[in-house]
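These are the structures, in structure tokens.
The same chain A turns up in both complexes below, where it pairs with chain B and then with chain C.
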Partner chain A sequence: MASGKVLYPLYQLGNPQLRIFRPNFFMTLVRPGVPQPEDTVQFRISMQMTRVDVKNYLEKIYNVPVSVVRTRIQYGANNKRNHKNQRVKKPDYKVAYVQLGQGQTFQFPNLFPEKEETPEPGSIEDIQKQFMEKERQRQTADPRRGGVTDWFGL
Partner chain B sequence: MAAALCRRFFSAVRVSGVLQAPPGACLSGLTLNLLHKNSTKVEPLYQCKFLHTTLSRKGLEEFFDDPKNWGETVVKSGDEWHAKHLRNKSNEDLHKLWYVLLKEKNMLLTLEQEAKRQSLPMPSPERLEKVEKSMGRINLVIKEREVALRLLQTGHENPRPGEWRNDFLGRTYWYNSKEWPIPWYLNKKYNRRKFFYLPHVKHFIRLRIEQHLKKQARMKSLEKKKQFLLQKKFPHLAAQSQN
Partner chain C sequence: MAAHRGWRLVRLGCRLLHTEPAAAPQPQPPSPLYPPVVASHTAKSKSAKRRRLEYFYQQVHEAPSIAEKLRLYGRLQRLKYVVYPQTFSLNADRWYQSFTKTVFVPGLPPAGAEPAGPEAPDLSELRSLACDALLQEHFYQRKRERPFLYREQQHVPAPFLTQLVISLTAALGSRNPLLAASCLDLKPQVNFYWERGETVVCRGYRTGRIDPVRFQIDDKPQIQIRVPKQLPEFVPLDYSVAGEVPVINHKPDKLPLFKRQYDNKIFIGSKVADPCSYGHTQFHLIPDQLKRERLLKANLADQIEVTYRANGIASLFAWTAAQAMYQGFWCEADVTRPFVSQAVITDGKYFAFFCYQLNTLALTVRADQNNPRKNICWGTESKPLYEAVEDNNVKGFNDEILLQLVQFLLNRPEQL
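Moving on to the complex of A and B:
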């Protein structure tokens, strides 16, 4: 199968099942905007895919047990305007809500955890960090003044 | 990512010589499973043991990268597949490589969408282009092979039948045939189409040819003028002609 304009052979009752090698369909797993039940996974799929296609795709390629798939089409807004005052359309896309079978659950992970970077001694980042720390120490006021600024007094 | 890709692919390739049609990696079409709930699977009789070729069978985890790479700003990836390397691979290997690349692209698309959601830059976006180009090249190689086979068997290059036809304005174009459930003489809309032109159109064909020739002459003379100007401006950079 292929997303986009592709001519499929004509189907009439009794014809053999259409076989396609190298399907051109891609599925994007997205974090749900609205909290979903634990067994539901949200995908953005091509407009040409059906829920049967999604089920077969996941079962055959990813070996994921699927019980039910529901789909909807999200309309992309046409309100924004460019510098020529022409309307710019955001593309439409299809969303699939897949409920996993065999009692499996799925939670969208955090793909951008904050990592503590320890810079190598001698590298530019290390020198920069040390310099900034020295500057900060220099600019702190005398603790004996108790928080009073140095505009006052002698 | 490249190591995982290579590992996945080469493990698939290594076993391909042993099996005829491995069940796990048999992805030769997506059938309508829902309609045949009580169908019995007919296991073919092979002498050799079944070996599963996929490296990791972790389902939805394949939509995400190796957890070690989460949070990195740069993820190293290898070179893309070039046509000359793909031409050395068998059809089964190309088929399996397609699915490896498909899974990789799905993973990269999920990463891209999540990065947009979190307003963070996607680590190494060039991986997407590499995968897309490699998939395009696989299609190219397979099309080449199909065309060669078709030429030998039938003598036709394109899979879809067609012919050169004239339209009512005298233009000649390649008409691609379409599949219909009814013959052409029963097709009312098709019968209203005219694939010939009347004699008064011949004058306009001559005018069109003249237009085309004039345009070509214009482009040629423009090119000549540009070369002349460059020669005048930079005589020392003129290409040395071999005499």
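Moving on to the complex of A and C:
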């Protein structure tokens, strides 16, 4: 599959082989929605790719040892409607489940880990946080009254 | 008034006097006026479900015959995973071990009884039988048609294996009376249905309910030997094996394993009334899709042994468990004696030997709560029987494989 139109010179026996075929395929590594076994990696691939293509792609370009690839096509729903009441289709896509070879495992990383925010003592955020804490404590009712509001009484 | 009081006193006195002799023969309690208070049968509640389950178990326990018991056990049809013993899935043996609660022990079980004395001289006769069968298929018989796609195993290795087993069984019949009374099946059906673990139903009108995970094996070994008496156990029933049953926390769908709904069949190769209701040895042929050359070409060299192991574990579990069900045991009535069978798995050249001991059938969640028993599968690696066959000559015949095969066939209980 040549990407773009390139004019190669006419080939005759003995000429150097000049034609370069770069795959026009793209694969996206995705986090699996359902937990997968440790050696399984999930990709979204082009609809025109086959499992043989996926295997060759990963082995030749990225040197990833691949044992087995299974693919399926996910149908995109056509239920949503726009402001003109026309049906809006979500695009279909192909998913590939790649089982790695040589006993390798893969776990999709946590890209957005929750950070513990510890503001420096003296900074504006720290003063603000302490102020908000004091306000919150002032707003809460007296615990000795056992949950009864302060306007209730003699 | 005084008379009444006196009469009451006399009556009390009479009762006091009469209590002691009446203590020994207690008056019979009257039959209950109301039926026992039990949970509802049809309500949408946990106690009702429990009562329906208890009623079902009671029905199966009280079934008048084995056939009726099997019919009631597999009466309800639901979607179940179809487990194929000969599968291309990667690392299938670990998954199958977790489905069947089996521990895999490499090597063969500890040999208990001493082997029969004069075996070495007979080995030459058996070797000549094996070489005859080999040469007949590879060289003497001119097979005109080239085998079609994926039919190579049926072309040469299948008839060789059949001929080898039949001739060896006939030759060893004099030594082993159990073999003489055995039944040899060609391409029999072996089926088993069981439940293991629980899951939540994700689709359909039963969404959200907790269901047991159901499995079915439909196997077709190449040859099977069934005997009227059971083989002796390799280890005691509650033996604690050095090894663990692998625990896999993913759904079987990830193996990949697919669901289907059809008849829940349990079959050992013959019907319940057949006298040869115990298993001796099975012989399996690896199919064309899983041959050594294909796996090597696809860079899956480590999966070669996995296919043999998965085949051994699944086939033997199905066979031994079906034998146990034919004797009346099931998951709520666990086996009281271990069921033992053997298998030889080959692709025509490489042979692997497996022994299986079924110690427990209780694999459902309810029956497995306090069950320390595990099933055990022993297995060897695949070794070649011969190096090459060249024009009327078998090069590099391996006597150890033949000896192991002969020992498998000569296995018999002590009483015989």
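As a working rule, the second predicted complex is superposed on the first by the 112 of 154 C-alpha atoms of A that agree within 3 Å, B and C clash if a C-alpha of one lies under 4 Å from a C-alpha of the other, contacts with A are read in each partner's own complex, and residues count from 1 in each chain.
Keep in mind that, in the parts below, contacts are C-beta pairs under 8 Å (C-beta built on N, C-alpha and C of every residue); 3 or more make two chains touch, one makes a residue touch a chain.
Keep in mind that this is a model prediction, so the values were computed, not measured.
Q: Report for A:52: first if it touches chain B alone, second if chain C alone, otherwise both or neither.
A: first
Q: In this superposed model, does chain C or chain B come into contact with more residues of chain A?
A: Partner with more touched residues of chain A: B.
Q: In the overlay, answer first, second, both or neither for which of chain B and chain C A:70 touches.
A: In the superposition, A:70 touches chain C alone.
Q: Determine, under the contact definition given at the top, whether A:101 touches first (chain B), second (chain C), both, or neither.
A: second
Q: Check whether A:10 is in contact with chain B, with chain C, with both or with neither, and answer first, second, both or neither.
A: first
Q: Taking the superposition as given, does A:124 touch the first partner, chain B, the second, chain C, both, or neither?
A: neither
Q: Quick check on the superposed pair: does A:36 touch chain B, chain C, both, or neither? Answer first, second, both or neither.
A: Second partner only, chain C.
Q: On the A-aligned overlay, A:28 touches which partner chain: chain B = first, chain C = second, or both, or neither?
A: So A:28 only meets chain B here.
Q: After superposition on the shared chain, which partner residues are touched by A:154: those of chain B (first), chain C (second), both, or neither?
A: neither
Q: Just to be sure I read the superposition right, which of the two partners does A:44 touch: chain B = first, chain C = second, or both, or neither?
A: first
Q: Considering only the contact definition stated at the top, list the common interface residues of chain A for chain B and chain C.
A: Dual-contact residues (chain A): none.
Q: Quick check: in the complex, which residue numbers of chain A touch chain C?
A: Interface residues on the chain A side: 35-37, 39-40, 65, 67-68, 70, 99, 101, 103.
Q: For the complex, give me every residue of chain C touching chain A.
A: Residue list for chain C touching chain A: 88, 90, 248, 250, 254, 256, 299-300, 302-303.
Q: Under the touch definition given earlier, write down the residues of chain A that touch chain B in their complex.
A: The contact residues of chain A facing chain B are 1, 7, 9-10, 12, 17-23, 26-31, 41, 44, 52-53, 55-57, 59-64, 104, 106, 109-115.
Q: Within their complex, state which residues of chain B touch chain A.
A: 27-34, 54, 57, 59-60, 62-65, 70-72, 95, 98-99, 102-103, 105-106, 109-115, 117-118, 120, 138-139, 142, 160, 178-181
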